[in-house]
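Quick notes on the structure that follows.
Letters A, B, C and D mark the chains in the order given here, with residues in each chain numbered from 1 onward.
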Amino acid sequence: MTPRGAAYAGVLARRAAQGVGVAGLVSVLCFLIVHRLPGDAAYRIAAGRYGYDLVDEEAAASVRAELGLDRPAWQQLGDWVLDLVQLDLGRSLVTSRPVAEEVGYYLVGTLQLAAVALVLAFVLGAGMGVAAARRPGGLVDRLATGWVASVRAVPPFLLGLMLVVVFSAQLGLLPAVGHGDAASLVLPALTLGPGLSGLVARITRDAVVEVRASEYVQFAHTKGLAERWVVLRHVVRNAAVVLVPYLGVQAVILIEGVVVVESLFAWQGLGHALVHAVFWRDVPVLQATALVLALLIVVVNTAVDVLVLWLDPRPRRLEATR
Amino acid sequence: MTTPLLEATATIPTGRRRPLARRAALLGLSLLAAFAIVGPLLLADPSAQDLSRFLEAPSASEPLGRDDYGRSVLARLAHATRLSLALSALCVATALLLGTVAGILSAWFGGWIDAVLRAVSEAFVAVPALLVVLLVSALASGGSLWALYLGLALAQWVEYFRVVRARSGLVLGSPAVEAAGLLELGPAHVVRRHLWPDLRPLLGTLAALGMVTSILAMSTLGFVKVGLQPPRAELGLMITESFPFYDVAPWMSLAPIAVLFLLTVCFLALRDSKERS
Amino acid sequence: MRSPLPLPTAVAVVAALLTLSACGSGSRDGAAAEDTLRIAGPFEVHSLEPAADGEVFTRLQVSETLVTSDIEGELAPGLATEWSSSADGTEWSFELVEDATFHDGSALTPDAVVEAVERAAAVEASPLAEVPIEQIEADGSSVTFRLSRPDLTLPAVLTHYSTAVLAPAAYDADGHVTEVIGTGPYEVTELELPASISTTASPEWRGEQPAVAKVSFQAVGRPESRALMAVSDQADVVFGLEPAGREQVEGADGVRMESSLQPRTILMKVNADHPILGDERVRRALSLALDRESMADAVLREEELAATQLLPPSLTAWHPDLEPLTQDQDTARDLLREAGWSEGSGGVLERDGKPLALTLITYPDRPELPALATAIQAALAQVGVRLEVEVTNSSEIPAGQADGTLELALIAKHFALVSDPLVDIAAVFAPEGNDWGVMNWHDDRVTRAIDALLAGGSESAAAKNRETIVRTAHEELPLIPVAWYRMNAAVSDRVEGFVMDPLETTWRLTDLQWAS
Amino acid sequence: MTDPRPGDDLVIHHAVVQHGTTTLADVSDIRLEPGRPLTIIGESGSGKSVLAHAVMGTLPPELVARGSMTIGAVPFDLADPTGRRHLWGRSLALLPQEPALALDPTLRVRAQVAEGVAGWRPRHPDASRMADERLARLGLTEVGGSYPHTLSGGMAQRVAYAAATIGGARILVVDEPSKGLDRHSLDRLADLLSAHVREGGLLLTITHDLELARRLGGDVMVMREAAVLESGSAERVLTAPQHAYTRALLAAEPSRWDFPWMRGVAATDAAAEPLVAAESITKSYGAAPLFEDVSLQVRPGERWALTGPSGAGKTTLGNALLRLTSVDSGSVAHSRATAGGRLQKLYQDPGHSFPRRVRLETAMGDVVRRHGVEAGRVGSLLEKVGLPHEILRRRPGQVSGGELQRIAIVRAMLPRPALIFADEATSRLDLATQATTMDILMTEVEDNGCALLLVTHDTALARAVTHHQVRLGSPDDVDIRSEDPVAVS
């Protein structure tokens, strides 16, 4: 195996180990915490199933009997782990539908939103960062700095509310809420994207300034290489080495950040699922959602590691990127 | 240009300092802090309702008007500011202490201590912060501030741990510390003269950012109605509650939004000036 | 090296994406404007089971029950054209409508009805589980229920959505509903749980084809978002608006508010066995402390909704002439002093060194409840009662009842889940207590009156019994009424003929017309 | 604009470079002819690098150039940096200092050389082949597919040379090529540069390395404080300098040193207990061994040098001897005489050996307290190394490298060490500063009867200072020999 092949294998093995560890930890933790949560799970589940004001003692009792909630906790956990090993996530306690189906549905929603927002953040942020880096200290740079601070200072929900007021309530251009069609994706993405673009802009600017000032870029110039090839071959790639790990972090923040936006725009995603599962004590859905979130973070980090390894062949001590 | 070409000019200061921004930020924060400390002492009970006066417009006696329960927006704002500042400071202090101590321990001793702490932090990293906050605040239902505090602090300590561990690793591996070892100056010297002076500005920056993160996270949790219970005044909750009235009672929305924005911008300006100086 | 996506390309991609989505929105709205009725409501649909989230399918007129109710709340034929009971009231027979067909084309058979109703009876949360059924039989073109003891409420119970009849093909081998195949005028075309359902007029429908051929339903959790949808023409019918949203709608063009008083009362459920609340004087003091008019005005934006007694005037038979509940803080303080509570520190009354502190549980599913709880909290503080408000899952209320820890709960109790309020009132005042009714309180007069009503009898005797129940509750306050409830909807001017069914059995979409 | 033709001279009529109001270089009438290399020598800060970049047109934006130059008959305005861009790579090329930094770490060597081909664009038909040919001619056949981080300093230097000259530029500007290179690699580079001149190229070299200037021959110019002090043929300037500064510069070369502490014969006592005794120690870096099976004993008063090219593991060996780094096998024993902080180390970058954000007096105060140093010793030592006491009020970053190294010497002397390990302690200093600093260090070493372990890539320095030299090359090639310093001189 070549050294780089070994490096890739190392990254994958390390991340896979992390994934397994995190999966175990998250499942057990969720389970334990849910079992320590105040309130009787049977009542919560019954409320989730039959409507918030139709739950009563008999309904709770029948739920308890049906789901075996009176068994010892370790037995329930054991069952879940056994099923998980067979890649069976079980059925939702509330809706009785297969968890994999439900969580898969929410995952798609989250990924759609996250992907569009990330692209938006990247284009906005990287564009602004590159523009700012052309003349450090110049007008564009200072404007970009102002932008970075502003978007950092505004919580996404506030931005979302303002966007809704302007684009939906006042102008009537875009739907305020909804899920599934492209139009309803615009406002949520516009809510998330700019917030993230701030950090991207900042990192891009610093990376591009640093790379442009580097001796290899200077040397590429004096070799007689045309400016655009210098930018494409040297600046972009080396700036990407710095930027990609941050994009990974961004993606992770994004995955977490969607919960607010999901709530505001009635978008169906993992955050939504998580909040409901906690509220209703739907342990399998909660565990599966947490598991998916955690694994998603591991996957993003793995992708970042592999990408950085591909971009930058230098050996390094691999630190987690976040 | 980082090359030695500029050795000759290295002594000429190039980076502009920004004392103005820093001073403005400090002034803004002091004003907000004064408002948060003095306001609740002087102003009316923030949960005292006067249902006959709901959505009353600003006046001389109520400069920010009244909300949909006829409560004084100014009084609520003062309490909300105090809550945001105090709780964020507490969360940041806790996360900072926990993360810094763990980070130094990890970098100093290495070996299994490092391995264990790193594994814990990696697990925390992969567990979404949201989940931690959600679960912890669900764990202590009843709107106890403890849950919010614990959740936010737990979600943040990893950041300090990672930065401090990495930085301490560099410092402890530096020739300066090696020299101190050869001079047998002892661990107290290393902490006082090497680690602490090096970490302090970094932690200052992180803490300023952490304040922003905490304040925003709290308001966001208020927005999704996790963690706090009525009639507690909290900035995010106030913004959310006032949103339906944005056209009939804009003062209700604008006041908490302005305070939230001012708080975060001041901390960010402080962070920026720290980074540059 | 293959260089990463150049910036201009990336910009172009995103621009294209955004434009595309904008176009998408245009075309969708265009299509919607033509023939789809867009409904938005607060509650998500997580399950297709009739006993779980079945109400949305009966309201959308996808599935039907044997019996339904008309706009006055009187029983009306559903899948059963007529029904009768044996003399002793233990055998009920329901004659099925002819030529009813499921959306999959199969005919409605008595066996299918039996199967569906038996499933409902097996679910504890269904009111049918309370009916003492011994056997249900298919019998030619009718269905017969045999009861172990007489129960006059059976037809009313059969209006409940949990008893909706689905086609046998709707169930999988485990008995889970995989598809909602009903008999109503609309059939499901698209289903995306938990938030959206689309239906279209079913060709199998036995009656006249409805004027509105397509309907889409979307669940939107946040009330402020729903209000925005109403005013910005993103929905034609929006249910569950908060007062602020209602004001927005009233100030907007092209949309109007429709409302009707519901047989629902927002009330404080009291643990009558509690060391503090067991004292009737304390309960009366709490009631006297409330300024119901102001609360109704500020929170519900309608002073008339202040409850003067337990049940709203729309339930005429259950609304006798009683001394209205009013605010009188001085009397409230006197009553508390009589009960042994005296001035304490911080404005909170004390007895034996213990403060007069109580915890009120409520839930966020109805946005008015936390708001009213906040108002109650402030009002009680004025007479020296410290109230902790805990907004939590609604299931904490039955759970708290079961383990006896519940003190006060603010709930919105519907008194006509089935069309006859007697069923709910009997349950609410059950001597052993009820999860959504009294707790540790019973009164023999009330119990006797309920038993008499359930057994049937002359109308004059019934009226007397009803008054006994309401009056006793009014005096002893095991449930402290706070406000009545007006169900409301924002309706676009595109739509005519909208009727608000106070029982919300259906949304009566078949009565709607497009405005010309 | 017409391009310069082969055979043209480059003439700098007048060149002034300023940063704000500070003049960094101010020279006139410098002529560069084919076949006759020009080398500018001088200390850092003398303005020689600034001049080279003014010629190239690569000055950083905060520096302003004025003046003019001509290549053949084509005039160029030095104030306009863009006017020469079209010459880059094809007529005018720069061999940058520190080739390790001048190569893009993310690209393979072949691609970076190929970029220099005139008119390069992606998928250029011949570029890769030409790059391989060029590399092969420089004896770098195998490295085309490698990444820069896998190259040694000398190899990286030659790759950079290939990339700079593949475009066919006749005028080659070489900026401080000796940085971080050992003598052997530098000799190979000098051969390449000489070949370039023989083929009719023009060569302008900036260096502080007199040996390189000697080898290149041609003309030499000495710069100091922005101005040219003297110029002439290499032979004359480097053997019979006229200016006092040039004479001092030449005298500062280690091979010409004559200090009192060099005269004493090695005071070794073979019977004395060794301060440090290494027993067949081995250390690997990853899979590659750094050194294997080295045994070494340092006795009181002995002066040892560890030499070899960069990356040979000499610092690691030194650290292993001080037990600052672990060894894979073997053992290192320290005698009791070394206990209590009596093994001290001087670092290549003294700035990194003091706590960065603390005043020097605070850092020194801790040492004084710990070792119970008598009052006044710090002051007298500072006086001996020629520094005012007030300098301790500053932080490490506010003191120049040479001064800081002297303060480091003072600090190292405080515990009265038995052995001092000087790790490239003077390699970043100018020749003159190096001579002063070494003199101060060795005077202290001599006065205290201290042993010395010197790590350096400069064999002349090693020979001037020590009695025993260990040369590390490839791991199996550790050459330990003792020389009688008297016999050498």
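Convention: a residue touches a chain if its C-beta (ideal position, glycine included) is under 8 Å from a C-beta of that chain, and two chains touch if they have at least 3 such contacts.
These are the chains along with the protein names UniProt gives them: A, B = ABC transporter permease; C = ABC transporter substrate-binding protein; D = ABC transporter ATP-binding protein.
Note that the structure is predicted; figures quoted are calculated from it, not measured.
Participant: In terms of Cα-based centroids, which chain occupies the most central position?
Facilitator: The most central chain, going by mean C-alpha position, is A.
Participant: Using C-alpha centroids, which chain lies at the maximum separation from chain C?
Facilitator: That would be chain D.
Participant: Does A-B or A-C have more contacting C-beta pairs?
Facilitator: Most contacts of the two pairs: A-C.
Participant: For chain A and chain B, let me know how many angstrom lie between their CA-based centres, rounded off.
Facilitator: Whole-Å distance between the two chain centres: 22.
Participant: How many angstrom between the C-alpha centroids of chain D and chain C?
Facilitator: Averaging C-alpha atoms per chain gives centres 85 Å apart.
Participant: Calculate how many whole Å lie between the centre of chain A and the centre of chain C, each centre taken as the average of the chain's C-alpha atoms.
Facilitator: The separation of the two C-alpha centroids amounts to 37 Å.
Participant: Quick one: report the Å distance separating chain B from chain C, using the average Cα coordinate of each chain.
Facilitator: 43
Participant: Note the residues in chain A that touch 2 or more other chains, in rising order.
Facilitator: Residues 39, 214-215, 233, 237, 263-264 of chain A each touch two or more of the other chains.
Participant: If I count partner chains per residue in chain D, which residues reach a count of at least 2?
Facilitator: Those would be 106-107.
Participant: Of all residues in chain C, which are in touch with two or more distinct other chains?
Facilitator: 1, 392
Participant: Where on chain D does chain B make contact in their complex?
Facilitator: Those residues of chain D that touch chain B are 19-20, 22, 24, 44-45, 47, 49-50, 53, 60, 62-63, 97, 176, 322, 324, 340-341, 343-345, 347, 349, 352-358, 362-363, 366-367, 370-371, 411, 414-415.
Participant: In the complex formed with chain A, which residues of chain C make contact?
Facilitator: Residues of chain C touching chain A: 1, 3-4, 6-7, 10-11, 13-14, 17-18, 20-22, 24-26, 28, 46-47, 49, 51-53, 55, 123-125, 129, 176, 192-196, 218-222, 225-226, 228-229, 231-234, 363, 365, 392-396, 398-399, 401-402, 411-414, 434-436.
Participant: Which bits of chain A are touching chain C when the two form their complex?
Facilitator: 39-40, 43-44, 46-62, 94-97, 105, 116, 119-120, 122-123, 126-127, 130, 164, 168-169, 172-186, 232-233, 236-237, 240, 263-266, 268, 279-280
Participant: In the complex of these two chains, what residues of chain B are touching chain C?
Facilitator: 47-49, 51-52, 54, 68-70, 141-143, 225, 229-231, 243-245, 247-248
Participant: Along chain D, where are the residues that touch chain A in the complex?
Facilitator: Per the touch definition, chain D meets chain A at residues 56, 58, 85, 88-90, 92-94, 96, 98, 101-107, 115-116, 118, 120-122, 147, 149, 160, 163-164, 167, 169.
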